[in-house]
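Paired with chain B in one complex and with chain C in the other, chain A is shared by the two complexes that follow.
Coming up: the complex of A and B.
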């Protein structure tokens, strides 16, 4: 458990009541003069944005739009590097908030934001919700950033210039509902993308492999099998995600099927693992085939096995 | 009546490093336990779990839970295998209520070797003597506790060196040595360099797999399981 339990408790309460907070966020954002839309995945988000722009006579460069969405939603960037504001066309901007604050109907973006276009479209995955504005004081200290920006709704009559004429917030799912239904992966929705796990991971520090990518960015294709499962990330995680547990679950659900040899060995192994004598025998047999032994299913015997020495010792 | 413990030596110790199992039994007997070795034991299921083969890991978990169902206490001279059972068996048993109940009944009786000595047997001095300079590897998955340090500090003649960076993973975990051998070697080299700089003559750890992974890069320094040090007199 992290020393301070409050961030984890806060995030758990959000994920446990996600349906409630989504409805509440829609109501509050609408109160602020915005409009809330929902999309199943990022291609659906791109279609929605294209339509919103087209309805206003704006042509959006679809390649630039996909690039902006991919950079902000699929891949993980250090919080300070993640691009949050993109110009899609003259008069049309995309923003990618870090949090959507339910009670204020507002967006929180780490770092500064430039002048806003008349048509402002925000895109957020459904788990980026916070119940109250004051929850920022719990989570912002965990994110390394020099400041943050709050955006709330569109400009209303009588207000000074500067705000957007029209404001849309698109919530997208992209597999989050499936995570929510999976007890071993549900905790990934707690992630606030602080990057602490990356900073302590001995694999990230010493190689180009990133076993944490699918943790930080649900749905991203990463290398969960490149983790040594040492648990340093779990110790460091301020919202108490059991990352090794999630990595093991991801390995069993890998999109790429295991090789035929691996499947064959796994079947042989599960047959032998409940038969002690056969299990021991397989170690001796496979131990003499270097390439098979290196796949690591059966330990390689190097001495009189313990069970034999134990029997002799008992005599 | 003598107190009983059941020893799960792990498949690696059974077949590759039996001296660790024998040392663990010797220490447990010395402090007054009757040691039982259920001969049906095989593997906890870790290789299958880590390679993503759930049904195979479930078969191993089922077999383990049946083999040790009646044990009063189960002692495991491996941080990783104990962690597999304590942290992941509940996930493997999900969907089978009877098996899950068995898992919940067994978990409080299962201990990694150093934890058993300090927390259950409540002993930190087993009367061992080992006059060497020793670096200690915590073994990431053995958990955050100081049981092994407490035991090592009471070994006569032993100089326990504290060195920076030995809490870090040595690269033996997961499937990394199998799927990413270069990475595993790089991590082992870094770890071995820190141990060598310390001036230690022995590296003592809680897990045979980690020690085996480090042994080649550490020679001529010796790698020993904690049980082997505690068995010395």
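Coming up: the complex of A and C.
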């Protein structure tokens, strides 16, 4: 349990009322002169962006668009190094906000953000919502950054330099609503991408495997089986996600169900292993197949079974 | 997938109905500090210097003008239209160019002179941060294009921390399209008046 319970309570409150905050965010962004669109997944996001640009006579570099979306929405990234601002074409930019603030209808982008293009398209997954601007005081201390930018709609009349001339926000689902329906995995949507779990994970530190990828990027294909389930990530998580439990759930989801023969053998094994005499008898029976080891089907058994060696040593 | 399909899936998963009121979110604990101006200045200087910036204090607008004139030492600079710069008479200095019609003109002049003088919305004592907001007379992102950047700020705009800023301005997006909070490494000089 983290020392400060408010970040976890705040994120749980958002996820428990996600439909309300989405509708409210749309209303406020529209009030600020922006327009909100929805997409099922990242290919649908790319199609929407292509259409928006085409309608304005802008040709978007599709490779740059794919790279930007991959970097921000599906591939693994070091959270603090995640690029937030991408140029898609002259006069057209893509931004990937860290949070969408409902009461302000504003985007919060951590790190440096340069001057904004006339056509600005923001892409955010549906769970990246905060109820109020002042909730930033709860979450910002958890995110290491050299600052942040709040973008609230399009440029106001009279501003010397400000927001874009046209502003679109695309919310995408990409399996989040399915995670919501799964009580064991719903907590993954609490993640604020602070990266604390990555910093303490012994597997990430000592190997090329990253068991935390599906935690940081819900829906991404990761390696939950690479985790040692040591629990360091859970202790470090400031929003109290039970990461080991989620990893176990992901493992059981990804595991292929055993065949009938495998199930039968496993049941036989579990029956025998708690009955020492039967277990020993099975060892003798299996040991009689020793000569077959020469065929290379299985390793050569020892000359004397372990139990026999043990009894002789005790004597 | 259209909006309604996503909302229906979410509501089904959460067991919520359309237009159902949300359960209240926990209130953030805004940390208020009753620091005097001297304490705020001391704390700001410590944090701002740690980021690489430098702080100066002028006791009056006249002293500020004299300080800027001495600091420029004959070099050319371009200034934004911020009212505090006019009040201090910085726009009237012989080497300071001002009165630009567009942000592009100002940026071009900055590119030529290399020295920019602007103001900011406020400063944050605890973190040594600067808050910049788009407004009719100020740029929202001047720092990135400048090699030498001087920010002139009245002392009453030195707030204790981000919590005080968010308490005073609960919805920063209401009157400005861009609000930036700079907390990291900087080469900015700040002059409090």
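Just so we're on the same page, the second predicted complex is superposed on the first by the 252 of 315 C-alpha atoms of A that agree within 3 Å, B and C clash if a C-alpha of one lies under 4 Å from a C-alpha of the other, contacts with A are read in each partner's own complex, and residues count from 1 in each chain.
The rule we apply is simple: a contact is a pair of C-beta atoms (placed from the backbone, for glycine too) under 8 Å apart; a residue touches a chain by one contact, two chains touch by 3 or more.
Not measured: the values here are computed from a predicted model.
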item	value
First, second, both or neither for A:177, with chain B first and chain C second	second
First (chain B), second (chain C), both or neither touched by A:101	second
Touching partner for A:90 - first (chain B), second (chain C), both, neither	neither
Partner chain in contact with A:294 - chain B first, chain C second, else both or neither	first
First, second, both or neither for A:206, with chain B first and chain C second	first
Which superposed partner A:44 touches (first chain B, second chain C, both, neither)	second
First, second, both or neither for A:302, with chain B first and chain C second	first
Residues of chain A defined as touching chain B within the complex	183-184, 202-203, 206-207, 209, 225-232, 235, 244-245, 248-249, 251-254, 258, 262, 266-267, 269-270, 272-276, 279-280, 283, 294-307, 309-310, 313
Chain C-touching residues of chain A, taken from the complex the two chains share	6, 9-10, 13-14, 16-23, 26, 32, 38-40, 44, 101, 103-106, 112-116, 126, 131-138, 140, 145-156, 158-163, 171, 173, 177-178, 180-181, 186
Contact footprint of chain A on chain B as seen in their complex	9, 11-19, 21-22, 25, 37, 39-43, 45, 47-56, 59-60, 62-63, 87-88, 91, 94, 140-141, 144, 168-169, 171-180, 183-184, 186-187, 190
Residues of chain C touching chain A in the complex	1-3, 5-7, 9-14, 16, 18, 20-26, 28-31, 80-81, 102-103, 129, 134-141, 144, 162-163, 166-167, 170-185
